[in-house]
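Pasting the structures in now, so scroll down.
The two complexes that follow have chain A in common; it is paired with chain B in the first and with chain C in the second.
== the complex of A and B ==
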């Protein structure tokens, strides 16, 4: 039994220790917090302020909602949003379906073989976007001697002007995005698949479940948190896509591949209209946030993070 | 413990030493007026030579020190734009004159007409110097004027019965050109093995095809002398119809919109086209270098390439147009920042910009790019250089003729009008033109789209309506 004075002392020591621990905690989070404030919070606040200004290095003027009004009046902004939506709606599910399927096929292999497949699929993720665009431009060579066109010729299909026609340009970018971005999703899916306890499969085997039944009733629910994560980050990345259109088509032909990101980039760095670019960027951020919340509500009720 | 102490003393000594040396060097440059310059590799050896240029200048002008930052062509504009918008640009930067209005509009370009000597300004061909003017201000000095035209394969031109020497001297009409490139087409069964004409049009390079050719269709600038937007003229519809016809004839590939600059040069060197665009006079050197490699069985020669004698050709003249040449005038823009430099510094900036754009520097750069200098001091220095061996004299003469036909600069167009015209070009003309090349947009649709965009920005009264 402790005397009251001793107990008080112990409590005070504990409090002191807690304070000391808390202090160290704050010190440790100071670095990421500072980074967050400097590189995320400050730019976002600055962009919000700039969106109400006509920015010039030496003479910035306050223009109220003018930048938002001109954005909403700009037909190209709606076209860019539509293009971005089409790109995301096709690229994200196709990419997820393929990476999930490939992961299922890779999983039964021994670890060494798995690693070879994972490395092969992940390779485009570490290649620079510019290098990738050269490879894909070579694949999409519009002349009959082009790689993809040569393959089509084998099946009696005529040459396609992949990046030069508005009928095929968007599809070409989607295919490029899907195959260049599979690696990351595959690695994440495989990690999730490896986390499923083998007893579930054994139970399913005892119940006489087929391969597809196991996938449908065991694997799919168990990897749902991963799927939701990939869907949300995929949609965010899809909405922010810029590089492929910038490097492959420049947004053409006839603005068929002009994405919101490319439009914002051009507005800011081509025309120096930072105010309007910031307004467009914030509108895009709001759209992304709405989509993310919608996705959470729709598919992540039973998923905990 | 002892080691740690020693290490600590060592580090402290290094810090103190660097503080002192930093102070000393700051004091050393403190006596001098530092002029900063952001420069790309203007020619193949420019960035190697720039150190000796700077050294010579610093020696001759002990009160001024040029500090050069070099950047690749890919990075230089982005680097400059970031610096300009951060309010701390270099004093001098190398830009294309078509970007001048952007920097003037940002308020960061310096009108150096107040700080440069009369002799400096008088040294340049005034028509070319005007490209660095906007309104009443002069914002830099031009380094060269590169005529952008088209170029042909001599052997194929002669096989197609084209008197290329006459074309170089007298130019050609659209109809003559159309006939010529149709004659240049070679078929292997149903497949075309050689096109008559090919222009790099992938992505934004479609802008070059439009900009270079539209000058000869009676619309030398986006604005006429009354500052009315000229691309709404019916001449535009005829021009677009004519360009589309070249593809429909089969003289140009239907995949034109996907062919980039590298691909079209490859197709030219491998004999898949008779004429190519855009053509620069320096392409003669590129073709000759490849010929040499072929002769020496050098494996770095372009795969499946043939020997090509590159011939400079003018752009054809369309109905209602006059012979003009598209000159890309690049040079040194002078900029200021938030630091509000004094008059003495701005005089030094003008002096450095002139130094870089004139004399031996201009001569050597122009010779390397197969161009003619555009300032008197450059021409004098050029004459003293040893001539280029094996240079095609007909091409030299053709380029000289084209230089006299370069369209006049339009410093009278206000920056705001220019900015709006650039937006129409980027957001309507280029995308629709890509559609036109792909056969998905008709000339009428494109013309209507240009009219709609122009009426919206300039009003019907602000546009040419004939």
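== the complex of A and C ==
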């Protein structure tokens, strides 16, 4: 008779403990949850509402889909989207190709040498974007005595108005983004490369594979998840990029570097059209979501190994 | 055996030659990526005269700290900017590590009604682009709460980043549950389990989190730029931007300012390199 009683007792005890644990669970997530509600959930809902309004501090009026309509009628909106696309389509693949190649080159060295190279490539990622933008602005100095111009003079290339001409401004921003962001993806790629089991190479060696064949048929498929990760995060960041364009070109010349992030910023904090800015931001969010899902689906098809 | 060909003993010179060529290539590219930083630091020691474009060079001609004096002399709040950045970044770092540990543990090891749903919310929150929240947040802080130019406004939105909770949860899940169970049987309360068992077992990941959060917060520009109009409440990044937009032709002082803004991070990087390099791969590569 004693046995079931004791069991009941422990069961009750366990239930009590479980309840107490659940309570602690809520306590532990209280602050993040509150922060989430105030600083993410509320703003998202508010943005959705504001996008249907003409916002004024005291007299906010409902305007229906006006903000969306005027956004889709705005030629600058399409230009900004095109610029964002160009920026992302060039910056992300170039950066990934370079960092993949560089990490392959770093691989044969000893661990200590690898660390030195990793640190060297990562260094620009540590400096603030504001500081880097100033340096690059001077590198792109349009004067013939400007740094990049005077270097190119040696090779017989004439001076360019790097950030001031609509032909080169976007390219200049892309080059800067690629050079400043290499380190992160190199480190991630090296980690992935070191994770490849040497038996795969041995098998390829037995088959008489050359270095390039090994890269193509062993390394590339093996690091595919990493490539997908970098591509998706790169595209998401590229679509949201704002700071470099804002600090270096201000979107100019002739809006050649106005990207979605800057367009929305200007709508909101230059022209104080909060409603339209929210509408544009939601459209951007939808585009990013579609792209991310699409990319994910596309890569998920052949990522299983 | 590896990706690269293994040369036999009598072909050792070929391996050396190959590595030499690779090293040369890597050093060239590395030099190019480091160059802007080198250029920034070197130029900051130039004289604080108005540059007409011609006066900068790759090798310092003369060494002077006048440009730093010029930078600090521009605003009486320039030291305050650094202090503000320190206060904001430190507070955000501490709160992120503390709350991410607690919430990460709750999501990883505690079962309570709704825990899956709340974690799902967290994942969704991570995917919201900041452009969507920037306007409502700005209205909330500036028009509704009227707390612009306060530390609260600078700190509150990043008090806890969803990404850090996610990171902590991912790592804590891999810790053996049996240790925590036995601690519970011994009468250890949940907060004590986190403090005495989870945190000591996760020192590396929490350090990485702290460093990456501090780095991100120190370098952040956008939000402080939106909510600090008064000079005395600006962070170093915002102050630096205002300095350079007011002194577009003063090249060396601008570089001095940029160097000052980056220096604390460089010191941190060279003393805690391991955590930085580890921090990059956390969350990107499984294992």
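What we mean here is this: the second predicted complex is superposed on the first by the 263 of 305 C-alpha atoms of A that agree within 3 Å, B and C clash if a C-alpha of one lies under 4 Å from a C-alpha of the other, contacts with A are read in each partner's own complex, and residues count from 1 in each chain.
To be clear about the criterion, a contact is a pair of C-beta atoms (placed from the backbone, for glycine too) under 8 Å apart; a residue touches a chain by one contact, two chains touch by 3 or more.
Since the model is a prediction, treat every value here as computed from it, not as a measurement.
For the composite obtained by overlaying on chain A, chain B and chain C cannot both be accommodated without a clash.
In the superposition on chain A, A:25 makes contact with chain C only, while chain B stays out of contact range. Once chain A of one complex is fitted onto chain A of the other, the partner contacts of A:105 are limited to chain C, with no touch recorded for chain B. Of the two partner chains placed by the overlay, only chain C lies in contact with A:215; chain B stays clear of it.
Residue contacts after overlaying the shared chain place A:182 against chain C, while chain B stays out of touching range. Contact comparison for chain A: of chain B and chain C, C touches the greater number of residues. Once chain A of one complex is fitted onto chain A of the other, the partner contacts of A:274 extend to both chain B and chain C.
By the document's definition of touching, of the two partners only chain C reaches A:43; chain B does not.
The clashing stretch of chain B relative to chain C, chosen from 81-89, 243-251 or 405-413, is 81-89 in the chain A superposition. Common to the chain B and chain C contact sets on chain A are residues 55, 57, 141, 143, 269, 274. Chain A meets chain C in the complex at residues 17-18, 20-26, 28-29, 31-33, 35-36, 38-44, 46-47, 50, 55, 57, 102, 104-109, 113, 115, 117-124, 126-132, 134-136, 138-139, 141, 143, 145-147, 179-180, 182-184, 187-188, 191-193, 195-196, 198, 201-202, 205, 211, 214-215, 218-219, 226, 229-230, 236, 239-240, 242-243, 247, 260-261, 264-265, 268-269, 274, 277-278, 280-282, 284-285, 288-289, 292. In the complex of the two chains, the chain B residues touching chain A come out as 78, 81, 84-87, 102, 105-108, 191, 202-204, 206, 253-260, 263, 337-338, 419, 422-423, 426-427, 430-432, 434-435, 437-438, 440-441. Residues 1-5, 18-19, 22-23, 25-26, 29-30, 32-34, 36-37, 39-40, 43, 53-54, 56, 95, 99-100, 102-103, 105-107, 110-113, 115, 118, 121-122, 125, 127-140, 143, 156-157, 159-160, 162, 165, 184, 189-191, 194, 215, 218-219, 221-222, 226, 237, 240-241, 244, 251, 254-255, 257-259, 261-262, 265-266, 269, 273, 276-277, 280-281, 284-285, 287 of chain C are the ones that touch chain A when the two sit in their complex. Here chain A touches chain B in the complex through residues 55-59, 76, 137, 140-144, 159, 161-167, 248-255, 258, 266, 269-272, 274, going by the rule given at the top.
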